[in-house]
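Could you have a look at this structure, given as structure tokens, before my questions?
Going in written order, the chains are labelled A, B, C, D, E and F, and every chain counts its residues from 1.
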């Protein structure tokens, strides 16, 4: 089994400026464009952990609570949370700021993307386990199991009643 | 309350060709690009139902089981499933085909996007209820409530034990 | 000779949203962008008929009577009309709609593109004949001959006096 | 009536490099991309003549005889041929060259685009007549009338039998 | 005069993936694309310092010693070095890495961009002085004067013999 | 040694229209976009001289004195000035015009880019010397040596005191 690597070694920061073609008629960033950027940042992060080509396996539920405006600067921070053989879960946080107007940065979104490391022919290949060091990293590492069960249930690859981590949540 | 509109009136079909810039080094369509296209198609679909500007509120878990190759033709079919005051859930199905090689079309993904209809100042505004007519439309209409509870739980806006539709799933 | 295929099997629907970079300083869609989209939709349609790589051979006269505005949804519908050995004529209809404002869809353009099916080395290869079934399909099938003569005359590959189908038009 | 302007004053040269996203799976420039570039070059040319915003009114039949390859340099040369009140016909010639391989430049296409000059509200506005000086300019000026009749006939705005310039062509 | 701000407060990190359209026929990143990305990252950095809209005033000599390949991850790090009334000099460092192949990151370029902060009508407006704290920041702060003289000389706005900082360099 | 080629044989003209995505929030063309276009035009020019694939080696100091607005037409004119074994210096002049408003063309920038001609494996390869014919070409040819020394000094590959051409400038 590969030697574990610290979660923080995969930290990836990306910055984008919202241009006219990224916005709808209200001058707000379109959700799909944001999902596209998040995927690129998270994929680079997963590559840093695996040192392999990676392909997107899934994205968990993402909600868009805060509008991001034309001209805003969008910052992405991604880090792996946990690996499962050849797959890696990446946590990505998004914030936006109207810097020119001197406004404060606003946290707008966060999401979990999952990637699979593959070899040159596209076959899955084992990746290093993730070493969680800080409290936040440990909390994300532990809860990764529950999110993974939810993904398997939603993909129809696990029966809800077998998802022991999830069941605990829903039984009062 | 606005007059209900049939789900099928919102049917939106979109077609894209996978170009080099959409692919990774394995010549596979990148997940983020697909999420971007799905958002555009689903947004047009929601606009057709609401006849209003719409903004993406969330996307549910999407998994990418089938690689889509450079040069493939990707087809998107979106239809609203149910409306909740000012928000609409859209179901979108994606398929891909290497037409030039005479291969059969492959269903690759499906997802649920949620949109909110807004007025000129960006304030939410009521949309027509959805009229489900076919069996598939009715099944999607009914299950929309469960998906909505999952979204609220995942966004931290509903306690798991209050999500009655979900709890039923996880209690054997 | 390949087995004939019904015209309707090639039906291709494409949808685009007009973004800022597609427009001129009056916020109208630029003609060249529309021609680009029409070519992509028509090429996919020709691919569906031929199940081969196709290359654009020509586009007939296109006129732009109706301005299409920023934010409008543009819908393309393409179908093959007739095949001539390795070439196919595709009829494409364009309509535009300001959906968010609740306006009706407007037919804006139609055009005929011609494609040639080619093998891996770029050599022309025979395609199935087109089976015209509806009255409109039959009318387009019959008139394809006249349009083909006009193309050959305009390309300097046929003498006007040999274009019997065209001559009939111009002799009172 | 505005003072006539020499055709050569509108001469516009544009150069493009064929990038991966402009090509099909055979690494040939897609026809629609070429039509897009031709429209931009011709529009700039018409603007130079009219010193007004211009909108594309039509493009005449274009045929694509020579494939243009990835990495080629494409050169466009556009010049107005004749004005009709508020509309201008632009002649555009396209050539391509694999410069890096030391190959000769190849003439690949030519086309006629028509533009209408408009004021700030989009209303047509008169443009200067065109002064044809060289033999080629005079030949293009004279034949513009025949092309205009063909456009009107094809758009259903002139009866074939009234197109006297065209009828002469088809009656042996 | 505005309160000085620490150089490190303007630190901006940007990450890009080299896609096919960014490369030449040798699959190397084109220099112009890199200059474009550097400008965006440096502009965001200058915005962070000034909290104003900024416009590019100049870029100093940039040399491209190391080729950057298709699929590489390019990382940009920008920080202001010194302010001169309404203008700011930004130092930007670029490195590239073939992460998937497990190769080490390579420093490929560095450059100095200059920006001017402007108000809503585009008029220059004063910005905070820069507080250099680390040794590298102090060295960059001090040498900024010499680079500024070179810019003025090259722009023909200062006579070489008046550029005292530069003269010292060239007199043995 | 290859046969010398006249500078004017490399003359390359490029025209671009400023679109929304090329501009900042003041509707001015972003500097990085301009640098990108200049690099493409200069690279084509160097290719014309060398008849080889070329890679950008450096760009000299560029200053942006004149804002270029949305909708303006930008014209680039590039010509080689001098060759040094496998490298070529290209002079590029940029002008912009609001043609639709009938404004005069404004010279906005000029710059010197340097390119290296390479073979299929990316190895430098000799190019023809440049034949300067007009007075301007001769002046650019002669001063190329001084600019080359400045580049070498700035890249740390020549000591300032060895740059004899530069020293002459700074010693009153």
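Everything below uses one rule, namely that a residue touches a chain if its C-beta (ideal position, glycine included) is under 8 Å from a C-beta of that chain, and two chains touch if they have at least 3 such contacts.
Because the structure is a prediction, the values reported are computed rather than measured.
Visitor: Trace the shortest sequence of touching chains from subunit C to subunit E and report its length in steps.
Guide: Shortest path length, in steps: 2.
Visitor: What's the overlap between the neighbours of subunit D and those of subunit F?
Guide: Touches both subunit D and subunit F: C, E.
Visitor: Of the other chains, whose C-alpha centre is the longest way from the centre of subunit F?
Guide: B
Visitor: By residue number, over half of the contact pairs should agree; on that basis which option among A-B, B-C or D-F is the same interface as E-F?
Guide: A-B
Visitor: So what's the Cα centroid distance for subunit A and subunit D, whole Å?
Guide: Between these chains, centre-to-centre, one finds 49 Å.
Visitor: Please compute the C-alpha centroid of subunit A, do the same for subunit F, then give the distance between them in whole Å.
Guide: 43
Visitor: For subunit F, what residues touch not just one other chain but two or more?
Guide: 20-21, 24-25, 40, 43, 53, 100
Visitor: Write out all the pairs of touching chains, ordered by chain label.
Guide: By the stated definition, chains touch in these pairs: A-B, A-C, A-E, A-F, B-C, B-D, B-E, C-D, C-F, D-E, D-F, E-F.
Visitor: In the complex, go through subunit E and note every residue touching subunit D.
Guide: Listed in rising order, the residues of subunit E that touch subunit D are 20-21, 23-25.
Visitor: Inside the complex, what are the residues of subunit F that reach subunit D?
Guide: Subunit F residues touching subunit D: 12-15, 17, 40-41, 43-44, 47-48, 51-54, 73, 99-102.
Visitor: In the complex of these two chains, what residues of subunit A are touching subunit F?
Guide: Answer in residue numbers: 19-21, 70-71, 100.
Visitor: How about subunit E: which of its residues touch subunit F in the complex?
Guide: 24-26, 28, 30-33, 35-40, 43, 53, 55-65, 67, 113, 118, 122, 150-151, 154-155, 160-161, 163, 166-167, 169-172
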